[in-house]
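In what comes next, subunit A is part of two complexes: it sits with subunit B in the first one and with subunit C in the second one.
Let's look at the complex of A and B:
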């Protein structure tokens, strides 16, 4: 996969705008200061990234969302299981520390956060860049980071050993909550989208 | 007391909406997790209004909306979705949605939406008597 310097700059702007929109929605959902910032957008080597994710041996909970429309895309939001307890208490407006174990409410909160993040990312791409993009119902998984990441990239990886990856960092209540939010656009359709808006790739 | 059917695939959203509605004097007639269940529950419970998510497994909220309105032209269905896109909005309105609320929403927005649709009913009733 090759992308010009200008193309990469546009991808970064698109990513930042959509992440900003998702961040505002997350703050409103959790009724607290929540900020998602874009750490990096890069063309990643599939095997290297998978290896890095395999090094994270914490038990994770995550939600994966596929999108339908003219840009194929997948989103994965995941965090360590104990971090999901904090999000559950915030979402349900209950005192911190109320949730002590993973249960049906925790799973449902992660599912809904996946839906809200995916929807607002797609809202930004549709309104700002003329894409057609609608999320499918989210699926919650509990596993190791490496396993979930492998599932995310499996289809893209079969066609290409490089992938466009957007990594983000979460800050909730001024505490850094270690979450992963990956957006993996399907390369061919994403390049067409850039071409449609006049970006030479 | 007006009866509302809550339709969303996320249990926690149904729980939050249920809590909010009961705090404001509404009765929750029932809950459903997709468009098909919504239609079945609508026929069974005959609620005064429905809050309907769009993105749901098996049968989505737009299909649920169409089915309910085909069964009852007077049905009041409020779409509640995180999708804030012109095509989705026009699709919902074209298919007869009473209103469209974007998630995450403020509690006041949800309650005023419901209050408005029922106050419109009262106005219509007064108008028809005059």
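Let's look at the complex of A and C:
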């Protein structure tokens, strides 16, 4: 995978714009400050990245969304299972500590949050960069962090040994929630998008 | 496991070979982890394959069962010094994860191909734990040949 410095810079700006929108939408939904910020956009080696993630044995709940269209992309939002209880209470306007175990409400909330994040990420790319991006229904899964990450990068890893990864930091109000949002675009389609707006890659 | 060993993590589409008293570990979803062990020379390796067959032009042959597994066997014998006749295999993983992967049941196809190749190569599979819908965390102790396997949400098993 080859991408110029300028190309990477544009990808970073695109990611920042879409993630800012997702952040605002999440704040509105939860009626509390939710701040998602882009921490890095980088090209990673498939084996090296997954090797690092395979050391992460935390039990997480995650939602994965597949985007179809001319900019194929995958999104994974994941957080520790205990953190999903806090999000459930915030989302359902319940007093903190009401949700004590993972149940169908927690699953629905996480699925809905995945939907909201995916819709706003895609809206930004569609309106600002003339992409066609259709989010598929989100899928919720509980597993080790490393397993979820491996599944996120698997399809892209079939086509290339290198991955374009967008990693974010995530803060929700004053809750110390460690959440992770990853975006993995199909490199070929993202290149087309850059080409559309006149950036040589 | 003794305290002097080093633990090496194996990433997706990667291969690592080491000797006792070291250990190898990985996490598996729909991928298959293939362990080859020579209990006499205390040499072992772990191959983490993603797909059954190589179709594309990418260079990383260890991502695929049909290219990675023969390479693994060859490397164990000619470079690591394992005895071909002493080798046995253990296989793990092949779960059906997120529906969104659009990969049908890639775990099953991976397992089928791995079993076919090992059979052709005359390497017996002494234990296997495959399938399901959750991830596997495996730790392979080269010294004993034991594999500690923990499937998400289940109790730890030793194979």
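Note that the second predicted complex is superposed on the first by the 198 of 201 C-alpha atoms of A that agree within 3 Å, B and C clash if a C-alpha of one lies under 4 Å from a C-alpha of the other, contacts with A are read in each partner's own complex, and residues count from 1 in each chain.
The definition used in the following text is that contacts are C-beta pairs under 8 Å (C-beta built on N, C-alpha and C of every residue); 3 or more make two chains touch, one makes a residue touch a chain.
Treat the numbers as computed from the prediction; the structure is a model and nothing was measured.
*Asks:* Is this a clash or a fit when subunit B and subunit C both end up on subunit A?
*Replies:* Partners fit side by side after overlay.
*Asks:* By the touch definition at the top of the document, which applies to A:92: first (subunit B), second (subunit C), both, or neither?
*Replies:* Touch status of A:92: first partner only.
*Asks:* So in the superposed three-chain picture, is A:136 touching just subunit B, just subunit C, both, or none of them (first/second/both/neither)?
*Replies:* In the superposition, A:136 contacts both subunit B and subunit C.
*Asks:* Quick one: is A:119 in contact with subunit B, with subunit C, with both, or with neither? Answer first, second, both or neither.
*Replies:* first
*Asks:* With both complexes overlaid on chain A, does A:105 touch subunit B (first), subunit C (second), both or neither?
*Replies:* A:105 sits against subunit B, while subunit C stays out of touch.
*Asks:* Once the structures are superposed on A, label A:29 by its partner contacts, choosing first (subunit B), second (subunit C), both or neither.
*Replies:* First partner only, subunit B.
*Asks:* What's your read, subunit B or subunit C touching more residues of subunit A?
*Replies:* On the superposition, C touches more of the residues of subunit A.
*Asks:* Give me, in Å and rounded to a whole number, the least C-alpha distance separating subunit B from subunit C in the superposition.
*Replies:* Closest C-alpha pair between subunit B and subunit C: 11 Å.
*Asks:* Hey, what residues of subunit A end up touching subunit B and subunit C alike?
*Replies:* Touching subunit B and subunit C on subunit A: residues 136.
*Asks:* Would you pull the subunit A residues touching subunit B in the complex into a rising list?
*Replies:* Checking each residue of subunit A against subunit B gives 25, 28-29, 91-92, 104-105, 108-109, 111-112, 115-116, 119-120, 122-123, 126-127, 132, 134-137.
*Asks:* Mind listing the subunit C positions that touch subunit A in their complex?
*Replies:* Contact set of subunit C toward subunit A: 9-14, 25-31, 50-51, 56, 58-60, 63, 97-103, 134-137, 152-153.
*Asks:* Using the touch definition up top, name the residues of subunit A that touch subunit C in the complex.
*Replies:* Against subunit C, the touching part of subunit A is residues 46-55, 57, 59, 64-66, 74, 136, 138-139, 141-144, 146-148, 150-151, 153-155, 157-161.
*Asks:* Give the list of subunit B residues in touch with subunit A in this complex.
*Replies:* Touching subunit A from subunit B are residues 9-13, 15-16, 55-57, 81-85, 87-88, 103-104.
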